Structures are given as C-alpha cells and as structure tokens.
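Okay, here's the structure, questions in a sec.
The letters A, B, C and D name the chains in turn, as written, and every chain counts its residues from 1.
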Amino acid sequence: MAAPCTWLQLHRTVRFGDTDAAGVMHFHQLLRWCHEAYEESLQRFGIEPAALFPTPQHRPEVALPIVHCRADYRRPLVVGDELGIVLAPTRLDPSGFEVAYRFNLDGEEAARGLTRHLAIKVTNRQRCPLPEPMQRWLEAASLGAGVQPL
Amino acid sequence: MAAPCTWLQLHRTVRFGDTDAAGVMHFHQLLRWCHEAYEESLQRFGIEPAALFPTPQHRPEVALPIVHCRADYRRPLVVGDELGIVLAPTRLDPSGFEVAYRFNLDGEEAARGLTRHLAIKVTNRQRCPLPEPMQRWLEAASLGAGVQPL
Amino acid sequence: MAAPCTWLQLHRTVRFGDTDAAGVMHFHQLLRWCHEAYEESLQRFGIEPAALFPTPQHRPEVALPIVHCRADYRRPLVVGDELGIVLAPTRLDPSGFEVAYRFNLDGEEAARGLTRHLAIKVTNRQRCPLPEPMQRWLEAASLGAGVQPL
Amino acid sequence: MAAPCTWLQLHRTVRFGDTDAAGVMHFHQLLRWCHEAYEESLQRFGIEPAALFPTPQHRPEVALPIVHCRADYRRPLVVGDELGIVLAPTRLDPSGFEVAYRFNLDGEEAARGLTRHLAIKVTNRQRCPLPEPMQRWLEAASLGAGVQPL
C-alpha cells in the first residue's frame, strides 16, 4: 500500500475549475492529472523535461505519444479534496511502457487511471527503442522502494 | 461505414488549443470531444440539455456520472483536421449504458473512445433506473438507421 | 446587430464540461471559445489552418502569439445555451492585430472577449509583418458586410 | 521583489498539456493558473475551499463570479519552466475585489494576469457584501509582509 519512493507518490488538490455543474470533478480532468503526475515523477527522479518533451529550442528525436488510456471512477471528488497519487510504471517491450495511477482520498481509492505510451522516431513516426532516461525511470520503478532518484 | 442517422454522426475540427508541443492533438482532449459529441447527439435527437444536466435553476433528480472511460489513438491529429464522429450507444442494464465513439479522418479510423455511465439518484448517490429521455435515445440508437429524431 | 458576413458570425453551444460547480460556465473557457472562433472564422474565409498554425509537417515562418487578452462577463451561461458569436478584427499596425468577440444569448450580450496578436519570426522571435493571408482577412473584415469569403 | 508572505507567493511548473503546437504555453491556460493560484492562496491562508466554493453537500449563500479578467504575455513559456507566482489582491468596494498575478521566470516577469470578482447572493444573483473569510484574506493581504496565515 505504501508507495516505493517519493518520486512515485505525489499529491494534488482538486480545484474549482476541475469541477462541473454536478458539483464534482469532471471526468476528463483526471487524464490531465495523470499526465501531469507522470511529468512530475520524471522531474523528481532527475530527468529534465526538455530531455523528453519538445520545446521550440530543442525537439528530442524520439516522441512518446499515448496510444491508449483509460480511467475508472469510484468516488466523487469535490473542490478542495487532497489526493494522494501513486504511480506504477511498467515496461511492456523495447518501445512501449504504461503507467498506472491510483488516486487516493482519505486512505481510500477514489479513481484509477492508465496511460500507455509508444516510442516513435519523430522523423518517420516508426516505433523505436525507449530513450535512455525513460529506461532508467522504468527500471528504477520496477526495483521498488529502495531506489533513490538521481 | 455509414452512420445510422444524423444524430449519431457528427463532425468536429481539430483546433490549435487541442494540440501540444509535439504538434498533434493532446490525448485527453479526445475525452472532452467524446462528451461534447454525446451532448450534441442528445440535443439533435430532441432532448433538452437541462433535462439531463444540472443548471442553477434546475437540478435533475438523476445524475449520469461516468464510471469508466477509455481511448485508443491510431493516427496523429493536427490543427485543421476535419473529423467524422460516429457514436454507438448501448444500454448495459437498467441503470447503466455506454457510448462508443469512432473518430474518422479521410475515411480512416484515427481514434476510438468510450464512456460508461451509471444512473444515480442525486440525493443519496444510489443507482437507479435510467431517466426516460435517456432510455428513448438508447432504444432509438439500437434500432438503427430508420429511426428519426423526435 | 446583424453581423457583416457569415465568416464573422458564428455559433456555439455551452457544454457540460464548460461549467463548474457553481452551475455556470467557468470563466477561462470563454478565452478558449474566442480562439476557436478566430480559427473557425479564418477557415470559413478560406484560409487553410496549416497556412497560419504549425503542424509536425509544416511550421510557418511567422507565428501570431497572443500578447494580451481580456474578457467581461455580463450574464451567467449554462449548459445548452446557444450563443451567437460576432467577431470584429482590427489591424493595429504592420505586425499587430486584435479580435473583439461578442457573445450573445437570446439577443442580449452575455460576454465579451478580446485577443491581441503580434506577428513574430519563429527563428528569432522578432516582430515582423503580418502574413499575407492574415492581411486579407483583416482587410475584408474592415470593409464590412459586402465582402464575400474567398 | 520579495512577496509579502508564503500564502501570496506560489510556484508552478509548466506541463506538456499546457503547450500548443507552437511549442509554448497556450494563452488561456494562464487564466486557469490564475484561478488555481487564488484557490491555493486562500487555502494556505487557512480558509477551507468549501467555505467559498460549492460542493454537492454544501452550497455557500454567496458566490464570487469573475466579471472581468485579463492577461499580458511577455515571454514564451515552455514545458518544465518553473514559475514563481506573486498574488496581489485588492478590495474594490463592499462587494468586489480583484487579484493581480505576476508570473516570474528566472527573476524576470514572464506574464501578468488579473481576475475581478463580484459577490452575489446565489438565490437572486444580486450583489451583496463579501463573505467574511474573503474580507479577512483581503485585509491581511493589504497589511503586507507581517501578517501570518490563520
């Protein structure tokens, strides 16, 4: 139940703009939270965002588009709710990985998310090996609690 | 390939704000498009939005929260892409239904989405029968091409 | 009250995901609507989106970032509201323009928006003349009702 | 340059989903950041979100809708940029206030935002005095650096 390390256990507060007229979190915001948690985890682990994500100054040769995502919603979330987020990344094959996200509120699971990513060369959009920093993040996550970030 | 009727076959253009720095549609926007297509379909079928969705003046007794969603991405989508959207709603049980969404670009499938909904009473969040307008929409969709909107 | 032409008078329906827990449109969605209306207007006028907005295959030499925006909210907007949007673009100088947006509901003004844009060269981010298609759109808008789209 | 206190000086990292195909932050995300900073400031000051924002269980009698907002963009922001946010709230009259937001990157101003709010009774949407917690937050902000949160 305990997360392996600080770069796989994050926090987030539900904000007013995340809700809809039913008074609770609007469903697709959760997928945004997933991707932001994934980015935050990489950064806490020690990987510079620009090493994996493009900027006008630098476009990495490999992109990591999402080919599948899903989410399950178990409890309504309201403004001010303070969520724990536990990430569980898994390497699927030499060019693919997925990240499972568990959102906890007051010690109970409130929602789950999953994003599946494929490494492709930006030039021809053909699949290719995962970038080295991503491999390190996945390997460290698979080793569990003892691994410290870079 | 042809959709059964005009209220299950919609269109949408990818806008600049839907993209990210990789130059293509950012994944979670697709889930927003799914819900907006579902709302547009209901409206074209003849159901007033306020019959199903809350406003400050009127809160329906039954809410239809999403309990599961997912999406698959097959082709990159860029600004200006004109998408066809085909909706396939299915009743699952007396209090649940799902909607499958196929996004087509130039005659090829570019992405798929799915939202699964559960009818609950707003007062106690217990599951309950689907509201009558939703039952009519689901039934008409199951009958296929011959059904005209209200 | 009448808009000059079809490419400056658009329509939009408020969707559930545009609202927040107060039951009304969440304020920053209006700025998204403004940009989407601006893109739709350009497209209706006959300008291909890829002529002005970047895709992975083609990056225009000139970008048109927003340097200022603002909005005024006069009436609450709820799910299902069908809005008329009237655009009023104005050239400010050889490298700048702004677009004013009026959102009408049932014949009354519900909100206003404004976006101010600056033409810059992508390579060095220095200001430069507006791209030729943008100049045509601005000129046509200034001539008013009689101008037909391309 | 130094902010008066920790509840008026916040931080935020630009995420991939905040960018568009030009590679930089998409303009309307900044307004979302403004509102989230305002909520975070209130919470750090000691005000429960549910005291001001509605949930399905509790709807405050007074709402604080935004009647005007604006933003100025001075520098492009890219994924991974770590921003400082300084809030400057000001009471305008018994029922209105505004919050100015300055976004700093590497010690330079990258953008500014402003939101203007009006207190209204939820039942009749007529203007009314600001809720007491909001008055305390505004007063404390006006007193400057020495004030500690609740």
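As a convention for this text, a residue touches a chain if its C-beta (ideal position, glycine included) is under 8 Å from a C-beta of that chain, and two chains touch if they have at least 3 such contacts.
In this text the structure is predicted, and so the values were computed from the model without any measurement.
Participant: What is the chain whose Cα centre is as far as it gets from that of chain D?
Facilitator: Chain B.
Participant: Per the definition at the top, count C-beta pairs in contact and tell me whether B-C or A-C has more.
Facilitator: Answer by contact count: B-C.
Participant: Could you give the separation in Å between the centres of chain B and chain C, each centre being the mean of its C-alpha atoms?
Facilitator: 26
Participant: Where the centres are mean C-alpha positions, what is the separation of chain C from chain D, in Å?
Facilitator: For chain C versus chain D, the centre distance works out to 26 Å.
Participant: Using the average of all C-alpha atoms in each chain as its centre, how far is it in Å between chain A and chain C?
Facilitator: 33
Participant: Give me the residue numbers in chain B that touch at least two other chains, ranges are fine.
Facilitator: Expected reply: 16-17, 21-24, 28, 32, 35, 53-56, 76, 78-79.
Participant: Looking at which chains touch which, would you call it a line, ring, star, complete or other?
Facilitator: If you draw each chain as a dot and join those that touch, every dot ends up joined to every other.
Participant: In the complex formed with chain C, which residues of chain D make contact?
Facilitator: Answer in residue numbers: 21-22, 24, 27-28, 31-32, 35, 53-55, 63, 65-74, 76, 115, 125.
Participant: Once bound in the complex, which stretches of chain B touch chain D?
Facilitator: Going by the criterion above, the answer is residues 16-17, 19-24, 26, 28, 56, 78-79, 122.
Participant: For a test of understanding, state which residues of chain C touch chain B in their complex under the given definition.
Facilitator: 13, 15-17, 22-24, 32, 35-36, 39-40, 43, 48-50, 53-57, 76, 78-80
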